[in-house]
Structure formats: structure tokens, C-alpha cells
């Protein structure tokens, strides 16, 4: 039995990790940290936890002091993971970091978007944890940087476009929409029910911090530098993310060919589904599951290829993907604990 | 491996059965019926179904003709179950009926609320499928009448009150609130997004069909006839049900005593959680799970006891309970397939 | 032209006052206060405000120093109104206080529920501002205590029951449900989108602060002390409030008679609508309007009368009612500025 | 007093017309048609209507037979307006048609997207009713084709881009999102609460019928043929529409210059607000109002200009715009009846 600790256990990604791991056949949560509820048990905060799912909550400092575990999930705010990752690694645990702290390989790029890194040496030790792209690297790693939710939806959705000669890589427009839980658990006016309910809006129109991460990975796939014109929007829903991706055609490409290309690319992938032509992704059809649904289309009239990808931002976009990475890290069946169907409706 | 068929597989309770059974270790869905999509496969309608979860959809007529299965779930409209239940039973299957057709033991009461029954002989063969109350009877049955969602929340929430001498059984007021999925899957103006979103309203104020069912079961528990003043309301949410139950005190009873009484009553029950004093149930804390959360309180100022119970109307209020009943019917671990935590948020 | 100032102009009741007054033929907003945005203009915060609706925002301290206005709306937190009301009255303005600070006539009762009052002398000077009950008193007042949202829905809904001999006044059960905006504008985890969306829950089950206010007014109507068994719940919607009111019958009363009684009671009232028998109130049908919709029913089977009343908690439950009170105070047409229809859907 | 009839009075645009006209100083609704409720009064269907706002409902056939009115609003399904428009015009009424039937000037284009037109002669008589573009033409018209909701948000949002030399008109990508009410009032599975709530999805990805209308108008503005790569999405909200518009830069353009250009273009327009730089439109900030909020941005990194426009699809996107057109048609103050602020929250 693999023993897991969740640092940041009472935030949304922490709770989602608890939900997923509670049905994982090979893992047991043995502890966690919580800024607000250290000293309590998880079931004091979440009455749906039974005895077998319960675990003690400590301060972060206590939790990282010689943890009796095999793997640590860092479900911490950006900046905080970097301060504890090395200590946890040094005690022999494998680490899946759900924050942004180890996603960018270049310390200078990190500094531009997030400020200077507290432990830049770890940036090269970390592996970007998207198994659909880097499975072999993850297998050998001990520090996995779990991708951001937007990058996961964009890399899976746009990646295959960039390996087609018909596509002009210079004109990539990505219009993304995210559920509110992506902003984390906390008291903020901007994510309060009355400000968000019945509302829809763009935000961070020119400088979302997930951009360098997308570009880093899409450039690797394309084999040349790719820039992304990226706009995030807020959906009045708790979960769910859609990225609508536009790529300019240099020469004709049929929708059938494009779909075939996606099917070939994701053949055998347990969590990626390429939808039938004429069917488009719907966040409700992936809610609470680790699936990514991708629809593709060609607009011959205007000369654009369109790819649309849907994930649950908390599952495939965060905690589900983290468990998938853990499965790869430990050589388990990649689907273990992740086969639950979405909650529909 | 127990082979299951789901009659009415593409409605909300049918989909929810599919979701739950997909992770059940001892069951495989081998077929289903669908009025609208007979001839297709389940995964044609629900792209989140993988190959291993897929099954063929037939007409109801075809599906009940010598089904190669061990158990049938009837997720059919009221009135329709009664026309096929006997045929299915005769082919040797055990039956869990999610409709109202076999819940009322008295054919005359059935007729008053639903019209005349098409096969009244089955009413006495059926067992009312609330394991927390009738576990032993269910074990020996072959036809289980799965309770309505409102009755489940009310019987579990109010039952223990009726065995206390301090409570006046003559003044039971139940104010219930249900998510929209309780109205079923179908095109109706009254459940369309724009009519229900940002709306809250009572309906069926004096004659909801779940009343005779509640009263039948609560009277058994009380040992004397109980009447319920019952008002249902519609919540602008897909899932979730709260019943707020008011019972008049004849003499003093402390909140601690009342809570202890509930804890004793539900000790060992895998799905019922009695909350700490001062904590109240929240539908989001049970969403997608088979749990029932109950909070209790005493209002000394006015002389009332209050019990509040929360369930997910599609899970503990329908398909989760149906699987729980199946587990009892087949002698399996009652929790099998039902241990998933709620989807929060 | 009546000149108005809004103290607390950027909270939800302040914004709602701005919306309503912007179409009032006889009023102009000349200033306001805002804790967070003092020094700015209202249109800096709310881009939908045009030049003609704009006004400067000051600190509360500055705003109450010799305001050049005729009326002040105190849209302030409980406790804060009491510290400024006298100063504003002394400069000759009439005051409509939307907080709870002047609603309870008895300083001892106030102290029990809110702590000691900072200016108890004002409690007897203030008039309880429900024009449907106290119109003549309001006309002569200079300090109007605007009722709480729950009390408004309960007093209008339950009041007429208490003047019927068939009703037993000793068993009043009120089950109320409120939209999230009732909790005010502010950053709180408990009202964040992900905690409230798709959730429904009771809160404050035995001690909501609106209870003494309801009981004070209902007792006046009944002519004897009335106690209310009151449970508030949170609806996953921004606006809207329903109170479902249960009163025990001592002797028979027909639904027709009961409805007639309500119609007679509210004849001529511009904002109260008694619905047809069999029609029940719906918060969406009053959203953004100053209307109160009341439905009534008799349950002969169990011996209860039921009244259901719906309001928009921010309009008839707060700012609309405040403008109605202002209209009475200044001898204007009571409907001025308040005739807009609800926003449906 | 201008007498108005609303054909299709009980659909969402019909109700919204009723709401707006109820506060219009110069208009009285004298009658309406309703397929489902002919023979009743409007207040039978909508209990929030008072006596002064009430009007009789007839069949469409009866309503168009010598109507005693000055203006008719056709809030009818596409295809149906074309069958009655001429008859209404012939009785001397001015007509504002909210359907798509008279928006496309070219009968052949109409036929391609909607099927053959029943009265193609009217296509040249109709004026495209966007006052911000065609005010002078509308003033002289008797048949106004009210624009579609998507085209209104796109033409107002993208129009100014097309008159700048820095913009490459050949790469216009429009990603739009609409509230559910845009699908009309009716019983459809696809717009039921459980299918749409907590869901977000694209639809009609290559062939939405509003495309030819946008392109017709944008081409006029640009002075050359413009094609639009257009994707609509469904927001889980009743009202609201955002169009995020991407246009390729041929040469540098600063965000300040771009904003200035928009401000100059819409100077004096009563309903269009160009937001400050760094502020982005939010559907909740326009809900229920006739305002259009536009935000602009330049992404120098990738070479795109972005414009975002928000409207309420039922108000500025349908019925509010229809009243604005009526105001222009009759020489009234264009703002009459339309000055209500949005309902926030």
C-alpha cells in the first residue's frame, strides 16, 4: 500500500485528491496539512469522510518533518511549494507538485511571470507531468510538476494541430473558459456567488501566467517556437473548462483527415476521447472524471481549423492528473482510482 | 459476476445506475432499454462511456423478452413498471423497481393517488426497499420497490422522532426541497433552465404523490397512524434534497439526548451520518454519494424538535439506493460500488 | 427634487438603491459613502452608471458631516447605523435605516440579540417601516427602521392568519429560504460560488436575529404574544426569498375563505398580490421588483393552513421597501420609482 | 400615446418587450398574440402584471386582422414573421420584426441559410435596425429588421476594428458566448436545467445562421467583403452575451490609440460604453439593461487586437433594441423606456 500525504488538504485540489484516492486500490492517505485547520481531523471539516478515509491535519511545517509516507502531493499556493519540495524529496518521498513552481524549465522565464524562484536547482530535476506527452520521463522522475488546468486543456487540444503541415503555426488563437473552482478555495469578492452567478467575463486578457507553460510545451511538440494568443474567461459553474482553439490553414485539410489525425495521436490513451464529427465537448460530460473530450472541425469558408477540448479543471486539470502521474511514477495501472464516470447531470 | 439490465437506461436514474455500476466490483451491465435510442449503443448517447462500460440499447419490449441477466433495474415512468415487472420476474431475474408502482401495499391507496394498478397482485409480493428499515425483508425478496426520493429523506430524517415519547406525533410538518433532476429527463417548460434558474418555488402544495408512501412507512415506525403535512419546493440545482422536519414536543427533550437517540438508531449504518450539534446538512456535501446526512436541533423557546436530512435525490434518493438494495438482495457487501465520496465542490 | 445620500453605497443594498432611484421622478442621488472606495466616483466602480446617475463617494465620517441633502439611506452594517443616525437627523435630514439598529422597540430585546445599543433613545423615535402595516405612523416619522428581509416576507405572509379565529396562534412554523445576496457584499468563504452553487442548506436553525423583529410585529397584529418557530435556508440564487408558513387550524376554514381574507386585507396595496388558488409564488416572478406575491392553501387532511410569500430580498426585502418608505415620508405617490416589472427570466 | 401590439407576447422577447414598454412614457400595449394562451389575459400567465399593464391575448390570425394600433412588434419564430409582416404593414402600422426574416437584403443568401422566403419583396423595404449604424435609414423606414443578438454584439464590438488600417481584415475570429434565453421559451431537452446547469459547450461550430447577417453588416462597414470565423457557446446563465473578437495586426497599434478610436466612434451613443483600459466587460453589469459594454486590448507579443463586447441578449440583443428602433421610427427620445440600470447582482 502506497502511503500518501496531501500538503494543502482542505483546498479544492486537496479535497479532490482525497475523493479520488479514497477509491484508489493501492493508496492510503496517511496525513495532510492545512493552514486553517491544523490540529483537527479531515472529517471534522468534511463530514462526508468516514473513518477509513480520515487523516490528521498538521501545519505545513510539521507535515514536512520526516513524513512517514511514500508520496507527497503539494496542493499548495504558487511560491509555497518551492519552499518545501526539496525537504520532502530529501526524506525519500516522491513528489507531485500541483502548484506552478516547477513547471517552467527556464528560471528566467519563471522569474518573469512569477518572481524569482526560491530553489531554482529543482527546475531541471522536475518533469512536466503530462503523461500523454512525457510518460517515459515521468516514469523515471521523483519530482513531477503537475500542469496547470489551462495548459492541460490547450496542450491536449492544440498539440496535434502543430504536427500537421497544413497548419500555419504562427496564428494560434486560444479562447478558454474555466469554472470558478480554478481560482481556489478562499474568501474573495471576485469569486463570491453574487458576483459570479449569472455572470460571464474575460479576465487577464494579455498576461495569464499559464501562457509560458503552454508555449514551452507546444513549442516542443511543434519543433519550433510557438506563441499563443490566449484569453481566459470565467464560467458561472464550479467545475469545467473548455478551450476553443483556432489555427490557420495554409492548405486544405478535411475534417475527416483532421479527426483521424487526432484519433491516431491519442490511440491507447485511457483518458482522451476524440468525439465524432459534429459532436462537440460539453463540460458536464467530463465533470468529476479524468477524461478529456476533444472535438475538431474545419471551416473551409474562412480557412481555419478548430479544436475544442473539455476537461474538469479540478480532475484532469489538477488532482486527477496528479493521481495519474503518481500511477506512472509508481508503475501502477495508469487508470487506477481514475475510472469513475462523470457525474451527469 | 452479476449481470444487470437497466430498463430506462438513458433517463437520469438510468445514467446514474450506469455510473455507479461501472465501478461495482461484482456487477456488469449487459443491456438496457431506451424509448428514444433503441438500436444504438449507450456510448453513442454518452461519449464518456468507454468500451468496457458500453452496452446495447433495445426497445422495452425486446429488452424484457428472455433477458440474459440476473437482475433488472426498472428505471421507468410510473405505470410502466407495473406492465413489465411480472414478465421479468417470471424469467427468473430479481427486480429493483425505481418507479412508484410497487411502493404502496394497499391497492386502494395506490388507486387513489396513481389510478388503478395494472398488476395489483404484485403489491404484496414487493418489499419496500429501505434497507435501514427493512433490511431483513429485502434479503428474502425478489421484487424490491425502491422508495421515492422525498420518502427516503423524510423516513430517515423523521423516523427516530416517532419512537420518542416526548414527541407529539400529531403535528408533523415536513418542508422539503428538491433539485431539478427529480422531475426526470425530458423536455418540459417547467424544468427549462430559464424558468428554474435563479428561481425558487413550492409546488404540489397539498397533494404530492409521495405522501401516502411516507405515511405508510412512518406509521409502521410509530406503531400508529401518522399524517404528514408535506410541502415540496424546487431548488435551482440539478441534484440535492433537504427535508426540514418539525415535530411538536409534549415534554422537554434536550438536543444532546435527541442526537444520541439518532446516533443509536443509525449505529452501524454505512450510509447515514448524524452530524455534530450545531452542524447542519448541506446538499453539496452528499452530491453524487449514497450518504444521508442528518442534523437535529431542539427549539426550547417554541417547543419544537427539528430534524434536517440531506441526500442526493439521484443517488441515495434513487439509483444509489437501488444498488444498495441489489447488494442486499444478492448478499453482497452492502457498500459495494457505493463508497465514492461526494463531488465537492 | 429630493436630494438623497446613500451611506454604504457600494454594497448590494446601496447599489439596489442607486438602481431604483435612478428612475425615480422626484429624487436625485447627490452623494454616498463607501468604506473601500471613498474618493472615487460611483461610476468608477460600476461602469453601467452614466453621468446623470453618477455621484461622489466619501468616507462615512465625511459623508455625515453637514450633508446637503433631504434624506439619507443608511445601507450600513448592523451596529454602524446607530453611531451616525442621530448626527444625520440633527442636520435636518429624514432617515431610512436599512440596518437592524432601530427595528426593535425594546432596548433590552435589542441587547439580547445584537448587544447593547449605542443610542437607545432613538429606538422609541423610530417607526417600523412596513407601510402595509404602519403607513400612518411612517407618514409622521423622521426615522424609519426598514424591516429585515425575512420579517417582511413573514409579516406580510403570516399577518392575516393571525386575525382569523380559526387559527391556533400557538403553533406557527416558518420555513424560509433566501438568496445569497442577503448575506451582503463581501469576501466570505461561506458565500463563495463554489460553496453555495449547487448547494442548499439550513443555517442559524435556532437563533436567527430576525426572530424578535417578526415576533414584535406579529404580536401587535395578533393582539397577543406570538412565537415563531423559524428556520432560514440558503438558496443557490443571488436574489429571492420564499417563506412557507404553517399555522394550525382550530376549526375548519376553506381555502376560498382564506384567500378572500387575504384579498380583503391587501385590497388597494400597490405591491402585494394574492395569487389565484392553486398558483404558488415563485421568486423569479418578483425578481428586481417591489412586489410581494402570496399564495394560500388549506390542508384539510392534516389540519393546517399554509401561506407562502415571495419577495426579492434586495428590493421589497430591502432597498425597494426603503424607497417606498421614503415616498410615504415625503408624501409622494407610494409607487414612484417602484413600478418596474420583474426581470423574467 | 403610441399603441403597440406584441405578436408573440408570451415568449421571452415578448415578455421583455412588456417589461420595457410598461415604463415607457409614450407607449401603451393594447394587445398581443400567443399560440398557447390565446383567449386569456397577459396577467393570467404572468401574475406580476398589474391592471395597467394587462392586455388581451389573441391568436396570431385574429391579432393581425385590423389591429387598432400604431406599431407591431413581431416577436415570432423565424419564418412566421414573413407570413404576417405585409398584412400588418398594409393596415398602416409600423413594424419592428425581431425574427430573422427581414435581416438579409439578398433573397438568395436568405434562402441558403433559412430556406426560401415567403415574401421576398419585403427584403428590400426593410432596414437593418442597428441605430448605431443605420439611424438615419431607420428614421425613414416602416419595416425594421431587428438584428440578431450575436450580430449586435459582434457588429458593435468588431465594427471599429475594420476601419483601422493597422488591422488585417482577413483574419477575423469571433468566439461568442450566450445565455440560455437566446434559445427561446419552449420545452427542449437541450435547454433543460439539468443539461445546461453546470455545463459549458460550443454548438453550431461551422454554420450558425447569424453569420451571413454579421458578414453583410461588417462588409458594409469595412467597405469590402469580410468573413467571420464564428463559434457560439452556451453559458449556464439565463441572460448575457459576450463576444471575444480577435483581429490580426498588420502594423503596430497601441491599446490607447485603439481605445480612443472606439471612444470616438461611439461618442454620443446613449447605450454603448467603452470601458477603461484593463477593465473587461461582464454580462452581469449589463443584465436587463440596453447597454453594450466594450473593452479593447492589444497583445503586442502575438500581434493581435482584441475587442470584447457584452450585452444582455434579451435587451440590447432583442427587445431593448426593438424599443430603441421604435423610438427612432417615431421620432421619440431614443432613450425613452430604456434608461433602467442593470440588475446587479
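Observations on the model:
First chain written, first letter: the chains are A, B, C and D, and each begins at residue 1.
Rule of thumb we're sticking to: contacts are C-beta pairs under 8 Å (C-beta built on N, C-alpha and C of every residue); 3 or more make two chains touch, one makes a residue touch a chain.
What you see is a predicted model, and the numbers here were worked out from it, not measured in a lab.
Looking at A-D and A-C side by side, the one with more C-beta contacts is A-D. Across the assembly, the mean Cα position most removed from that of subunit A is the one of C.
One inter-chain figure worth recording: subunit A and subunit D are separated by 38 Å, centre to centre, where each centre is the mean of the chain's CA atoms. Chain geometry summary: the mean Cα position of subunit C and that of subunit D are 36 Å apart. Taking each chain's centre as the mean of its C-alpha atoms, subunit A lies 45 Å from subunit C. Among the residues of subunit B, those touching two or more other chains are numbered 12, 181, 194, 197-198, 236-239, 287, 345. Interface of subunit B with subunit A (complex): residues 12, 15, 18-19, 22-23, 46-49, 53, 181, 197-198, 238-239, 273, 275-276, 279, 285-289, 291, 293, 339-345. Touching subunit D in their complex are the following residues of subunit A: 171, 173, 175, 177, 179, 194-195, 197-203, 205-206, 227-229, 231, 233, 235-240, 242, 244, 246, 248, 280-284, 287, 295, 297-299, 301-302, 304, 306, 308, 310, 345. Partner subunit D is touched in their complex by these residues of subunit B: 12, 180-181, 185-189, 191-194, 196-198, 236-238.
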